[in-house]
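A quick write-up on the structure given underneath.
To keep things simple, chains are lettered A, B and C as they appear, and every chain counts its residues starting from 1.
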Amino acid sequence: MPPIKRDRVTAIVIFLAPGLVLYCIFFILPMAQAFYVALFRWRGVSMDKVFVGFENFRKLFTGDPIFWQCLCHNLEFLGVSFVVVIPLALFFANALSSRIRGAGIYRGIFLFPNVISVVAVAALWSFVYHPTFGILNSLLKALGLGHLATGWLGEPRYALLCVIATSIWYSLGFYIVLLLAGIRSIPTSYYEASALDGATPWQSFRYVTIPLVWEILKIAVIYLIIHTLNIFGLVWVMTEGGPSYHTETLLTYLYRQAFVQSNFGYATALGVVVFVIILGVSLVAGRLMRREVVEY
Amino acid sequence: MAIAQIRQYLLLCLVLLFAITGCGQKKSTRTTNGKIEIEVAVFQGGYGLDFFEKAAREYEKLHPNIRIRVWGNPRIWEQLRTRFVAGDVPDLCWPGWGMDTWALVYDGKVMEMDKYLNQKAYDQDIKWKDTFLPDLLEKGKYKGHYYILPFNNNVFGWWYNVGLFKKHGWKPPKTYEELLKLCEQIKKTGIAPITYQGKYPAYMIRGFLIPWAISAGGLQAFEDAQKLKPGAWKSAAFLKAARMIAELRDKGYFQKGAMGMDHTGAQMEFLLGRAAMIPCGTWLRSEMQKQIPPGFRMAYFNPPVLANGKGDPSITQSSAETWIVPKDAKHPEIGADFFRFMTSLKMAKKFVQEKQTLMSIKGSDQTQLPPDLILPARYLRNAKATWDAEFSDWYKAMNKEIEAAVAALLSGEISPEECCERMERAAEETRNDPSIPKH
Amino acid sequence: MKSQTHRRNVWTTLISIVLLAYAVLVAYPMVWLLLASLKSSRELFENPWGIPSHPHLVNFLNAWTKAGIGRYFINSVFVTTVSMFFILVIGSMAAYALARYAFRGRGVIQTAFTSGMMFPVFLGIVPLFLLLRRLGMWDNYLGLITVYVAYSLSFTVFVLTGFFRQLPGELAEAGLIDGCSEYTVFLRIMFPLAKPGLIAAGIFNFFGIWNEYPLALVIIASENLRTLPLGIANLLMVQHYETDWGALFAGLVIVMVPTLIVYLVFQRQITEGLTAGALKA
């Protein structure tokens, strides 16, 4: 017995060590140092820092209305994305897992936006929404709805929704592929059995597919939460948080504070808060989605 | 058996590691062979990099033991920032609008230029210091020493489509009242009277808000605002300016969708004749060089002022692009010397001609001025006073808030009163913040 | 019987329509991009919607000569494939340990990995920069690849743990009883079974690194070491300032074409991998 146990422990160490060591030195360590900076007032252009304790956090929660605006925008991002992406991704993944004609081609097309650089996507969609030669306005005019044409990304009411739409276009393929991989892991014997039992497609979807991809679904949801609360590149290139803060998100605000307004300490404090928020929301989501792991 | 496999895998890892480290040999770009090499980092904007590269080659001919490496890109501050923190900095740089240059000054990262300025000018018999236009040079002073140096000098105002105006018999308006009448006429032809670069409210602040505040309340109204005097940002002058903007907005004289346009987008609208007037600086032609339709002519004019406004109508906005020599540079004296070379009268005149903008060197406009520059130069020469939105460099947070307020005003979200309230609140916050150095 | 087949056919047709509609929605902006890249900037403003009057191919020449795309492409291929190799190996090992062994501190380590995804990337950039300089890993691929591997571990471990956990435990038990070591069980039995997960993780790591920008921006300074995203970003910004939108779009097309090719080649692998995974199970 003992030799096996030692063998097991060694195995665990060997498996875990390389990843853990690399991760700690090059990821955790700099991040921890960054968090330490949150206790300072620092311009970020030299090494001069002034210790201010929790002053940055106090100012963030009590004296900064923009922080709360950003939070609302991120939550809106999360809400809309969640309602649109998860059901659609499930639908498409399910559709593509069956022997439907051209499934491979569809999968290829759907995933493609996600492999393009975010910068390129943002640039492309800025032109889609362009007031004069953008596709959207041209389309509206062609359909006789020209009066709806406007400067989308410059409109306080529509700007955020436009950015969210682009984000969904960009990322849906990712979730489809993820869920597809999960569905593909389900042995076909299960489907055969349920078909023999007379189940409709909907029933086999609900009682066979969903429970068996629950783990993957949970991953998808948590990834969505993290992605939408962490959204930055797309927003920054499309609107830079404008017009007048209407598309400002937590991270664009953080970036602005750190690199534009030289408030590095304050920005890092915001970073700590963002991290805590994401952690909290993910834990809640994970708990809500907790189920017995169905093994077969 | 398993051990053997692990060994194989480890061996593979080692091999790959060596391969990578091999590629880690950075190809040395600082070849010396007896020469001193300096690095000049330049913001690559509407003026490109070619002038500076050519200047470097000329300088090298005059100083055969020096090599200059000029490089740049449109977001150069992103890379410069971390380098300043690490102390690995270029010998001369134009950090660009995205860098908080004043923060560098406050933290002691910029070289004091006093001793270099006292040297003789490159091709004149006076001190280098005295070749500059005095107000531009003074702007870069902090606590009595010179840090930030001006290079080219931009004049900012309005531009109109000459061909279009001639065709309809319109004249560029001198007063606000004339402007209103003109816009009504323009609107009838289906062309947008005024467009603006909505994505960058800085244009609207310099083109509408401040000129009109100065017109209503005199230059003092603006200076008070810059000095963060309590109540200055919601003074009667600024309120009047905000109301004027709102009036143009409500009468539909601004181009629909302008809010969503970036600077080149709005400027294209102007070039294509879909909008008659636009606020911009003297970099307009240089920036839109490739897109100007053949036969298109534009002309500069100062923003139309109130007919019986307090402010002098000749007051013009003039701002400079700024360069610095980093304190930790390896060869600061060569960096400074190269800048002294580029600001010589001969090179300054060259820049004026090639890049079609003015320079901060006295007498640099005594040359064959490109047609678009003649009017701005004249306005500048005849101006009783000049101004510049320096607060946008000094107080970044306040500037952002003011930009947001003006943008909200233009999109119809808030009233002029609310706009002024927001600006005043931003000023108050900055005033009461002891950690922000005041000018 | 007949009505059920009929209902099934209606359902299938409906699905096909939706699939087609979404495919058009996805593809159209890119088709537009291709058309736009063939127009001169002025034509773009005047005739945004239609086919270009004649192909303005000089756009592509401008984008290519000014951007040096060839070299950046090779750089990116090298960095991405090497990083990917290490990420999958190291990541799957770590995920395997976390998924199939119970030990003290497992929860903490797992949370540590997962929570890494929640950190804004550029938060740690300045301390990371200083660390790399101190270790001599700045402005070379050793540093870049190491950082990419470290930063990708969060997501990779997160995803792979899920896949490993869903694998049948009996197979591992059977292997051990037969006398295999833990390593053989991993290498010979479990690793291959997690293929769908590995492929999913592999795809997203590949393209995540292929398109990575902020870290590369800070770590790489020498022009000849630039990766493709640094090249595109530079191209976009330069073209934007020169108001040469035609060349800007051409640049985007040039950059997307290799990505597309690599993607299509990979596609076949993906199909086989996913099907194989399904069949094996």
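Throughout what follows, contacts are C-beta pairs under 8 Å (C-beta built on N, C-alpha and C of every residue); 3 or more make two chains touch, one makes a residue touch a chain.
Keep in mind that this is a model prediction, so the values were computed, not measured.
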What chains do subunit A and subunit C have as common neighbours? B
Among all other chains, pick the one whose mean CA position is farthest from the mean CA position of subunit A. B
From the mean C-alpha coordinate of subunit A to that of subunit C, what's the distance rounded to whole Å? 15
How big is the gap, in whole Å, between where the Cα atoms of subunit B centre and where those of subunit C centre? 38
Where subunit C touches two or more other chains at once, the residues are 45, 125-126, 181, 183, 233
Which positions in subunit B touch two or more other chains at once? 6, 78, 85, 268
Check each residue of subunit A and list the ones that touch at least two other chains. 14, 44, 132
Any idea which subunit C residues touch subunit A in the complex? 8, 11-12, 15-16, 18-19, 22-23, 25-30, 32-33, 36, 44-45, 48-49, 90-91, 93-94, 96-98, 101, 103, 109, 112-120, 122-128, 131, 146-147, 149-151, 153-155, 157-159, 162-163, 165-166, 168-169, 181-183, 186, 196-197, 199-200, 203-204, 207, 210-211, 213, 228-229, 232-233, 236, 248, 252, 255-256, 259-260, 263-264, 267, 271, 274-275, 277-278, 281
What residues of subunit C sit close enough to touch subunit B in their complex? 41-42, 45-46, 78, 82, 85-86, 89, 125-126, 129-130, 133, 137, 139-143, 145, 180-181, 183-184, 187, 217-218, 221-225, 233-234, 237-238, 240-244
Quick check on the complex: what are the subunit A residues that touch subunit B? 14, 41, 43-48, 50, 129-132, 149-156, 239-240, 242-245, 256, 259-263
Looking at the complex, which residues from subunit A come into contact with subunit C? 7-9, 11-12, 14-16, 18-20, 22-23, 25-31, 33-34, 44, 91-92, 95-96, 100-102, 104, 106, 108-120, 123-125, 127-128, 132-135, 138, 142, 169, 173-174, 177-178, 180-182, 184-188, 201, 215-216, 218-219, 222-223, 226, 229-230, 232-233, 251, 254-255, 258, 264, 268, 271, 274-275, 278-279, 282, 293, 295-296
Contact set on subunit B toward subunit A in their complex: 6, 78, 81, 84-85, 98, 100, 103-104, 106-109, 198-199, 256-261, 265, 268-269, 274, 396-397, 400, 403-405, 407-408, 411, 413, 435
